[in-house]
Amino acid sequence: MKKRILAGVILALISSQVAAKSWMLTDADTSTEKGDWQINSSQLKLGNEPFSIQQKVLHGGKQEGSKVITLTSKNGLTIMLSPTRGMDLLRVTGHGVRLGWDSPVNEVVNPAYMNLESRNGLGWLEGFNEMMVRCGFEWTGHPVTKDGVIYTLHGKAGNTPASKVEVIVDDKAPHEIRIRGLLKEHTFKKANLETWTELRYVPGSDSFTIHDVLTNKADYPHDYQIIYHSNFGTPILEENARFIAPLASVSPFNDYAKKGLDHWATYGAPTKDFDEMVFNLKPKADSNGKTVAAVINSKGDKGASIEFDTHQLPLLTMWKNTDTLKQGYVTGIEPGTNYAYPVTIEKEQGRVKQLQAGESTEFTLTYSLLKDAAAVSKVEQRVKDIQGNESIKVDEKPIAVE
Amino acid sequence: MKKRILAGVILALISSQVAAKSWMLTDADTSTEKGDWQINSSQLKLGNEPFSIQQKVLHGGKQEGSKVITLTSKNGLTIMLSPTRGMDLLRVTGHGVRLGWDSPVNEVVNPAYMNLESRNGLGWLEGFNEMMVRCGFEWTGHPVTKDGVIYTLHGKAGNTPASKVEVIVDDKAPHEIRIRGLLKEHTFKKANLETWTELRYVPGSDSFTIHDVLTNKADYPHDYQIIYHSNFGTPILEENARFIAPLASVSPFNDYAKKGLDHWATYGAPTKDFDEMVFNLKPKADSNGKTVAAVINSKGDKGASIEFDTHQLPLLTMWKNTDTLKQGYVTGIEPGTNYAYPVTIEKEQGRVKQLQAGESTEFTLTYSLLKDAAAVSKVEQRVKDIQGNESIKVDEKPIAVE
Amino acid sequence: MKKRILAGVILALISSQVAAKSWMLTDADTSTEKGDWQINSSQLKLGNEPFSIQQKVLHGGKQEGSKVITLTSKNGLTIMLSPTRGMDLLRVTGHGVRLGWDSPVNEVVNPAYMNLESRNGLGWLEGFNEMMVRCGFEWTGHPVTKDGVIYTLHGKAGNTPASKVEVIVDDKAPHEIRIRGLLKEHTFKKANLETWTELRYVPGSDSFTIHDVLTNKADYPHDYQIIYHSNFGTPILEENARFIAPLASVSPFNDYAKKGLDHWATYGAPTKDFDEMVFNLKPKADSNGKTVAAVINSKGDKGASIEFDTHQLPLLTMWKNTDTLKQGYVTGIEPGTNYAYPVTIEKEQGRVKQLQAGESTEFTLTYSLLKDAAAVSKVEQRVKDIQGNESIKVDEKPIAVE
């Protein structure tokens, strides 16, 4: 009997696999690169919710050769991601709202022109402008030099060109779209980590899901770290915009952030000399370990939320960078396995996770564009429900000194 | 009344803008890249002084993907510059004379293959072969490590691929040609400098002008430095070739240069083990702040001169690298905001300039190929006129020790 | 009379030059790049031993833009090399045997995506997967930082894109094929080394020859180092596979290798936590200075041998990396001018060679795929003949400590 059920499941899986169209845009194994490419729902005769998916090879400056995939849903979101930059999300728009921000770095920098080691390990800042950049997986956090090795800011995944890029569209309504990319962190004797990143989107909807599977392909255990560095500027971020999340505790990242602890969850207008404050958060979750964090505008009719699983991503960093518009007025909501301290400190304090030989782990995050007061209220209610009666513990002392 | 004048000025500006043809060869904003491309005066029906402008994408070795623009004027100069390498001038020829030199580096190295941090900050030397390379703008000078950051030799502008490249040809005779390129030095939290470089050339003439506008796009003041590292070898440089410029003072860059102070302005033949001597010069200028420096050959019938504005570029470095031909027999005439000491020393000694938020500054240099004794004499006379009766003060002691 | 002989020689040389077809696939001087390209013996009407030569431009991940040339001989070997990676040999197959190995690095990494300085000078490991990689020529060996300069692991040649790539096929039977590539290590004031690499292969045969000519183009003497890092995994490497070579002496590279000194020439099965042991060997040679080293499988019916000239390459390193298959189960047979200690130690101990100004030196190595017991026996006999009655001196103490 058990066998029959299993067979049924397998058949269902196979048919679910088969019942989709797929396009391999990039494949290092077969040396495939489609370059400029596009499909749309009319061509595919998938009519209800019009969408298109386009890949474009960029030119000019340090973005020469960078690729961008744009998924456009007429009634939903437009999502841009870059296979050349670790399948990072560049920006998402819909209903007059933009998820993302305006960085002084205004090109999609090809990693060929990056030197992560420069600026004493801050080279990453020469390419940073994403709405969501994967900070990992070999390491993450602020740079540190140990035994002569520079553990550069936020690791290498975000500056790794994808070895495989695949677009999949379900044959069946609602025609879910998946854009998958394979990131390799391969170094003889040092690392053999592979991450299949996946963006899942149903045309017409206001949410999308990131589903990443990280595998340690080596025969030895390997540490890993990941922070999903998700960044929001105008129009959501503004004076009196608020950060909300159900939390067990909050503490300032350093002494400078301590000064902002009183109003840590409320944002100021663009402020000269504000620079950045970072807060370490311990999320509370529902009984399944699920939680949500969001930034919502002053009136409470626009926002962005991220649902994630605290079993996968137990920690949350809130990055408040409400300096002037030109400097990059932005806040980061950053679910992660870690805080943003250097890997040496994270290791010392016991927060660095490990994968055994051959082991995989996954990360699932659902991002929603909150387009109106109703959408915002729903998230606020969910935060309240998870928070319950327990108040947020405020720790005045940073847990570490860099 | 004022308004009317302003309107007139604006109209004039617009018409001067309109009365030109232009081609955008590269544009990161629109992801334009024309690749191999050319125009010429016949096609454009601009008859008097034949010229052509060609862009070519290079291949092979470390120059894979580098672009070179060659402006050829039948009766004037042929000017080669590279958009991939910061709009640097590679070489200029005309009337049997070559401005430029023969470096052991004989490819136009794509910055994708450069590591400026290598060799303890001397990586720049793996690409150095230009007739004129912009050393700046975030910093310049000899490398130095401070707080773990390597301020690499001569900064990054010369190894920055241009984000926009535009060719403009005036409709009206003498059909001035402008080749413009946008260099971005953008790093989140660190720098937001942009430089519009411009080469101006009138077909048939023996001079061209570099006109660069540097803007600090950030909301905070930012230091900048620039040295226009302009380099000349054979046939101008030879035994008894001379350097001339109206000067207030000269001092040796270091103890080794001190040994050559007696004959600092006269060049030797290619000399084994000479290596390089560097001299710090303080130029004198005319009442408008304009001055000139030149290198002229032994007979005084060939040379290269650079006119510049001491309000913009108050300092001048003379680099005497009269080692053997194969090592790179070359002299540098290097107007700048700074000398070539590390940025730490330049800062300490008060020579580093600063741009306020949003502020721009400009640099204008006119290079001339001196094709005969008459052309040389004219420059010599100008140098004498500016020098006047005042003699050059010789300081034996280097102003700094690296 | 002498003159007549010379004339005859010259004529013979010219005719030998002329009696071949050649194709320039890449040429930085003329900016040639043929990209995807192929020829075969049918097209060329060279009938007896069918072969083809194909160049392919790779895509995907960090191999974007890397080129691979595949020489296929129907009855002999298939040889893959990469012009983008220093003309390194990627793998060789024939008669069901593979020369090469399976590295965790499974792409042909374009040096544009490499940072040799990363990981405290171990960045090279992010691209290492070749059957033969040239470790040199400016320096080689384990990384070391001296005066702030990182001498990165095994130098830069293996990560240098070839400036010229030429394919030559002799008109006369046996239609020897030569694939030549020019590697430049050019840095103003630092190095002007050029290496013409050459692969020689006669279709149908089981051997090929590497013939490299290194020239110091500078006007000053320059140190050089080279290790031909030649790597073999399955199916040759297996439990009880053996390393053979006529030797004067063997010593462990370090204390860890000391533990394996007893059985140093026999290989174990893939072994967890084995990591690597390295042995420094002093080869014995025949009266012409020629010698041979080989790895042969357990049954003695498969193997790989390398013949080389001890006047050119006096030292031999044996790298035993019999860790697990996934980590890279591999042995290196590495004829060289040097051992793998950092250049500082090699220099101190007097093993670093020098080229005078303009001087050239050459390196000739013949690799053979030993397809059966007969081929293996022949090499074993040659090893015995050179070894003679003299036994191998075993030095228990490493000659240096890193």
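Lettered A, B and C in written order, each chain numbered from 1.
To be clear about the criterion, a contact is a pair of C-beta atoms (placed from the backbone, for glycine too) under 8 Å apart; a residue touches a chain by one contact, two chains touch by 3 or more.
None of the values given here were measured: they were computed from a predicted structure.
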Any chain in contact with chain A as well as chain B: C
Same or different contact residues where chain C meets its copy chain B, judged by the half mark: different
Chain A on chain C, rotation in degrees - Cα superposition, rounded to nearest 5: 120
Whole-Å gap separating chain B and chain C, where each centre is the average of the chain's CA atoms: 43
Where chain A touches two or more other chains, by residue: 112, 115, 117
Of chain C, residues touching chain A in the complex: 56-64, 103-107, 110, 112-113, 115, 117-122, 125-126, 128-129, 145, 272, 323-328
Chain C-touching residues of chain A, taken from the complex the two chains share: 26-29, 31-33, 65, 111-112, 115-117, 147-150, 160-164, 182, 184, 186-192, 217-220
